[in-house]
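Step one of this worksheet: look at the structure below.
Chain nomenclature is as follows: A, B, C and D, assigned in order of appearance, with residue numbering initiated at 1 for each chain independently.
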Amino acid sequence: SNKLRKFIISPYDPCYRYWELFLIVLVIYSAWICPFELAFLRDLPSKLLLAENIVNGFFAVDIVLTFFVAYVDSKTHLLVDDQKRIAVRYLSTWFIFDVCSTAPFQPISLLFTRKGNGLAFKILNMLRLWRLHRVSSLFARLEKDIRFNYFWTRCSKLISVTLFAVHCAGCFNYMIADRYPDPEKTWIGAVMPTFRSESLWARYVTALYWSITTLTTTGYGDLHAENPREMLFDICYMLFNLGLTAYLIGNMTNLVVHGTSRTRSFRDSIQSASEFASRNQLPDKIKQQMLSHFCLQFKTEGLSQQAMLNCLPKGIRSGIAYNLFFTIIRKAYLFHGVSNSFIAELVMEVQAEYFPPMEDIMLQNEAAADIYIIVSGVANLITTANGNEQVYEKVEEGDMFGEVGALCDIPQPFTCRTTTLSQLLRIRKIRLTEIMQEHKEDSKILMNNLFQKL
Amino acid sequence: SNKLRKFIISPYDPCYRYWELFLIVLVIYSAWICPFELAFLRDLPSKLLLAENIVNGFFAVDIVLTFFVAYVDSKTHLLVDDQKRIAVRYLSTWFIFDVCSTAPFQPISLLFTRKGNGLAFKILNMLRLWRLHRVSSLFARLEKDIRFNYFWTRCSKLISVTLFAVHCAGCFNYMIADRYPDPEKTWIGAVMPTFRSESLWARYVTALYWSITTLTTTGYGDLHAENPREMLFDICYMLFNLGLTAYLIGNMTNLVVHGTSRTRSFRDSIQSASEFASRNQLPDKIKQQMLSHFCLQFKTEGLSQQAMLNCLPKGIRSGIAYNLFFTIIRKAYLFHGVSNSFIAELVMEVQAEYFPPMEDIMLQNEAAADIYIIVSGVANLITTANGNEQVYEKVEEGDMFGEVGALCDIPQPFTCRTTTLSQLLRIRKIRLTEIMQEHKEDSKILMNNLFQKL
Amino acid sequence: SNKLRKFIISPYDPCYRYWELFLIVLVIYSAWICPFELAFLRDLPSKLLLAENIVNGFFAVDIVLTFFVAYVDSKTHLLVDDQKRIAVRYLSTWFIFDVCSTAPFQPISLLFTRKGNGLAFKILNMLRLWRLHRVSSLFARLEKDIRFNYFWTRCSKLISVTLFAVHCAGCFNYMIADRYPDPEKTWIGAVMPTFRSESLWARYVTALYWSITTLTTTGYGDLHAENPREMLFDICYMLFNLGLTAYLIGNMTNLVVHGTSRTRSFRDSIQSASEFASRNQLPDKIKQQMLSHFCLQFKTEGLSQQAMLNCLPKGIRSGIAYNLFFTIIRKAYLFHGVSNSFIAELVMEVQAEYFPPMEDIMLQNEAAADIYIIVSGVANLITTANGNEQVYEKVEEGDMFGEVGALCDIPQPFTCRTTTLSQLLRIRKIRLTEIMQEHKEDSKILMNNLFQKL
Amino acid sequence: SNKLRKFIISPYDPCYRYWELFLIVLVIYSAWICPFELAFLRDLPSKLLLAENIVNGFFAVDIVLTFFVAYVDSKTHLLVDDQKRIAVRYLSTWFIFDVCSTAPFQPISLLFTRKGNGLAFKILNMLRLWRLHRVSSLFARLEKDIRFNYFWTRCSKLISVTLFAVHCAGCFNYMIADRYPDPEKTWIGAVMPTFRSESLWARYVTALYWSITTLTTTGYGDLHAENPREMLFDICYMLFNLGLTAYLIGNMTNLVVHGTSRTRSFRDSIQSASEFASRNQLPDKIKQQMLSHFCLQFKTEGLSQQAMLNCLPKGIRSGIAYNLFFTIIRKAYLFHGVSNSFIAELVMEVQAEYFPPMEDIMLQNEAAADIYIIVSGVANLITTANGNEQVYEKVEEGDMFGEVGALCDIPQPFTCRTTTLSQLLRIRKIRLTEIMQEHKEDSKILMNNLFQKL
């Protein structure tokens, strides 16, 4: 049902994805070269001109291609592959921007002025930066993709933004100095009076150095604005930096808070348990059980697993339960011979729990409320007579316990204590009784199984 | 019932809103010109003097107007349009401040001193800044108005505060230098010995440049305090900046945390679901169902919709339910001929759910707990015999399923799987049964409808 | 029961509180003068020496006094007024620190050295700073006192810490310069070669200026470390600043997040409601009802009122309910003549709700689930016949509605719509029925009241 | 069961822990000496060379030792002591890194070059820094260890990272200057032209001073990059600092938010309670009860105690309940002679609550819903006749109240008010009734106990 009309490309097509990734590389090149050209290259070398035209060619191809790429309708969440609707949507949204950012201004400018490097056309070239919206949407997609670490995705985004800001500001500031009538009254000229004859590399590094010194608010002061024009640019740049720095810190705080939340909530649990134990003078054994429970929980599962399961609709939840528990319950001696529909109902009521070693799962003489099936691990059934504990039986994978107390309505005859890390299924007595009342036949088989064991 | 007494204006009147907005523009002008005048204009040009008097005039009009504007009582939340109470409230609160900030000090000062630019009167002029409280209350209102983006409203507020701080500090610092006896021992004179003869523009830009260099803590050091007076001002300004910067960062962090919370919680759900699936070795189909459920939820609705509905009082909730579900339930074959009051009760128990394509809504042989009505989308009823799945029926908009299992008390005879994105209404079997017991007549009609279909 | 033994002072005694407050003022003086003395005053003026001895005297009195002040035991939360236990506790905790920070080092030093200003004794003087722990515990108390705004308490604390850090660093840095053998190779000497002969005021301001320039990381560079000794101090100070700045920003973020949480959650509710309404194409009237409900909630109550009430133990909750609702229910016609114990039980089940004007409280024909009593405001009972709405009755303060539907088990015969802002008590039908079954006699009276009205 | 095979060491062995701690000290030494050597020591003194070889020796021993240390399997959470699996795991993970970071490059280099201080070998020496991963995992462990304060652990980590960054950057920057052909065109040479002949101490302090001035963004500008090579390094370092500063602030914010959350939520409760009381004009007595309840809760327990208990599995919860309440309930007169299994069931339903002095636990004439047993403290039973309160009885430790109302199904005959801080056990009437129905015999004994008292 996912087939598209002829000549229409799916936006999820791997080839199209590679094409998009390839364009991203070209976008990064454009974003770097545009401000650089503007500031440092009075006469564009022919090699760069060629490269630029090739890059523009690729983007022109992409404009044509976009007319053949299906899109996801934002209301129905369905793929639209009707070419007319695709065209209408594209023409009414980004088409004009894409064309403007791809038009070859350099050749056009040659038609009008003799020298093809007029400032006006160079500034028109800055329209190329519109292409950056592709990088932005790439990052938006990566952030939602759990194959990539959120922390590093977010950091890459922030680093990219910072580097681009540094590069742009460096280039613009150099351009202002370069075009100022009195070269000695410029930020770079005050330090290197003959800066125009310095190597491109030295000038670019100096510009970047000034830019980053200002952005990080280090402000050594060896390079600083010397005339009102530079001061004005510097004012704008510093205001922008204030926002950018705050944004960086805000993002980092967000990431740190998120990253440490699990450890912190683990510490809170442990702390709370310790305090509770010492305030109530609980015996050391129970305190250890509490602490090892939280340690195990921290290691075995995420914090919000149960919350996540509760968000799912019932259909999916029952699918999960069926997959996880059906075979195990089917094999338990108590349910030999009962109908599949009985187990299918039971399966929905089952909960899986982990227990660390040496933990008491149930206590002798307590009211029977649950039945347990061991999925993995080993536990001992212990009876206490005259204060002496005696191991009555060892239960292992596939065994049950608690069923005698629950079905015969007597207090638990044993204490059950794990010996290794164990995973158990818990069935609440009350729900089992309800299901048994609905299935009279199965109920008889089940009680028969129980009595045969006794 | 919303009519006010004669001559009383509602504060929600659009004309009054425009008047307020117009005053805000004048406030911004005042806030800019006041410190500027103080620092840079020894002799006020007559044009500016005229402009100032006109502005004062408008504010004087507003003072009079305020006596005729109703207000909302903070206890009863009702509009008060009694002129006496309006007057008492205004006179006992802001009246005196408003008058002081509107009084024409310039003309008054001319009565006392020959030259109308005495420093004392200029400082009195700073009382004009009281008017800024209007901008502050405008922002407080905009923040609560969801037509405006919270992020940008908050940012505009912070940017306004920053720009105003920069402007003020620049002006005051210039004033200190301007009035210092030894011009060469001032922050600006050390760099431009003849700064008083420089153009106004150059001096203003230099002052702003110093101000922002200090505020952002860049501190190039090309301009710095040279005498104790300037040092003292600088100390105060830097302390203020420390607070302002922390406030900016705090706000930005707040906005970033808020802005990314939805994406983050989506990622957490997806992550948690993936981990759960791989830890329990769930089949890939179920894993895909879980993931596509969360993706759909992320796209179709906000995180807190259900929480929001729960906050509403019952009257509104039932109004919503009636609107959304009455017609759909009315049309379902099962409810042909039943009374309106039956459906009116039923409607309150209904829940709407979205399902992505290929998701199992219910499974064959599971206990029947819910009845579904399809609002939009298509689903297949599938029977499994000998492990082979066979499509038994295709259900579409307006069809029901699950009713046979629920009303005849048998396990579901079919698995139901969506084929497209579907919206469904879910009615819990237990609630339907309760309503049926209260309406014996309707119950018979309903069961009749069911048997006729079978 | 709150009386203490003879000669023992309660720590909550207002006089003792004033004494503590007076000591805080002395502590602030000490904290300022100690580093200042160390750096700037080679020979202590006799006036200052006297002042210091007087201050020490007061603290000596406080040491004696502490032996007579009861304390709260941290385990039992009871006041201990046994003088022996008070003494033991004080001697084993802060006594030795208090004595050391009060000892008169100046006079003692005169015994040993001829000149009473040896550096060693001056440094011993820094022990006075131990007294600052009083300020710290004052702030800890203020933070928990809701009479003081949290934001400003926290800000004052941070400002105090910052100012103290600036003052100390300025003084220490000056001391290093002052005692360096080559005055021209010091941070201050490089700029003012004859700094020792400058006025005390100029030197102190310069020191503070350097200190704050460094703390805010502005770092103009006009004053900077010139020799390894100063560099080392500067390294330590900058490391400390890094921590302090981060702490300031962290606190501000905390305050901003807390301060904006209410507005943000209001916006979220409104946004969520608007989106829900437009996605489901709800009629505009219902949308307005939803929005005005959230606006009202934002204005009338804090966010967490219900959560707060749930935290209280049952005893207090029933006390509150009794106070708020007993008289109102007593007066309602339905409960004329029923026993007090009936109403006492009913009162616990009542909930108060606010409704904005024009909101539907209940709808005609919906299942009767609640009974309402109007506490304040006015509402209309409306019947709909042939699609025309007709006002049947106007209900006001003290009237009830919904009781006919609830007690006769029929659907609501009316729609009820508020005309002004109204406060209502809601009684759930199901709870009322339960209470009526327990009180047969009262139940008869109640039904009688109902039939008489009908 | 925790015994390991012969020759295998447990990672929890205290001796092994001390060995690890000793290695951490060596790691810190390595981390400091490596960059220092690279920058400042052209010819390595023989003492340092010896020290380095000894340190390497210890790490070589550790590599051998690791083959004998058991590890915890990440899937089963069990200790693996099979030497083959240990070896396979180590060889396939960190072995190669450990060997590279331990190899004695200095001696090896002597084989190849005459002078053993070639830059290449010095850079190879930087591989030693791999050892820092041990410090990182130490901090990861400390963060989860509640014996150490989270705030200070986290701060130590951040300070360590900062100091290491400062040290490294200082050394590298010096190295760049040291190896630059024109010493006067370097950051240090511009200020100290003969820096190579200065003392090691002065050079190291200057390097650190530059490094920290840049890291904290103070940037005095007295020392700054002078050539492109230094500028490039400076650019990288400032970019790194931007990230590090944001990370520091993010962490501090996280810690501050966490640290103040308890006080803030206490203030919110108090504020909400005060507002509620004043809005509803509750009598002052009830307001005081509400406030003192929250104060007590703030002092006696953590915020999340109940939430923590709910996270524990049922087995542990019943163990805790048994320990805390069994003896107290056993002693209560009502349960004299009833069976242990009755009390064992009852114990699970009991809840402990704290009440401040003068709080009403239950009110006369309210429906009896709970039975209370006093664990500690004193309370008065009060009857109200004609509006006069009279103390009927004083109940103390071990006494019960509320049982008459609950078991005879009458309204409470008394108001119960605490006189001191009291801890009480609450048993819900409804649960007690259920347990009594299951134990007919015990139920008779219990009612007998009650009637004998009456």
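Going forward, a contact is a pair of C-beta atoms (placed from the backbone, for glycine too) under 8 Å apart; a residue touches a chain by one contact, two chains touch by 3 or more.
The structure presented is a predicted model; accordingly, all values stated were derived computationally and were not measured.
Looking at the partners of chain B and chain C together, the chains they share are A, D.
Note on connectivity: the fewest chain-to-chain touch steps from chain A to chain D number 1. Among the remaining chains, A is positioned farthest from chain C, on the basis of C-alpha centroids.
The centroid of the Cα atoms in chain A and the matching centroid in chain C are 36 Å apart.
Inter-chain centre distance (chain A to chain B, centres taken as mean C-alpha positions): 26 Å.
Residue positions of chain A touching 2 or more other chains, listed in rising order: 217-221, 245, 249, 251, 253-254, 257.
Taken together, the chain C residues at the contact with chain D in this complex read 1, 76-78, 143-144, 146, 150, 214, 217-221, 224-225, 228, 231-232, 234-235, 238-239, 241-243, 245-247, 249-251, 253-254, 257-258, 301-302, 304-305, 308-309, 311-316, 318-320, 322-324, 340-341, 344-345, 348, 438. Across the interface of their complex, chain B is touched by residues 155, 159, 162-163, 201-202, 205-206, 208-209, 212-213, 215-222, 245, 248-249, 251-257, 260, 263-264, 266-276, 279-280, 282-283, 286, 289-290, 293-294, 296-297, 299-300, 353, 355, 359-363, 365-367, 369-370, 411, 416, 419-421 of chain C. Only residues 217-221, 249, 253 of chain D touch chain B when the two sit together in their complex.
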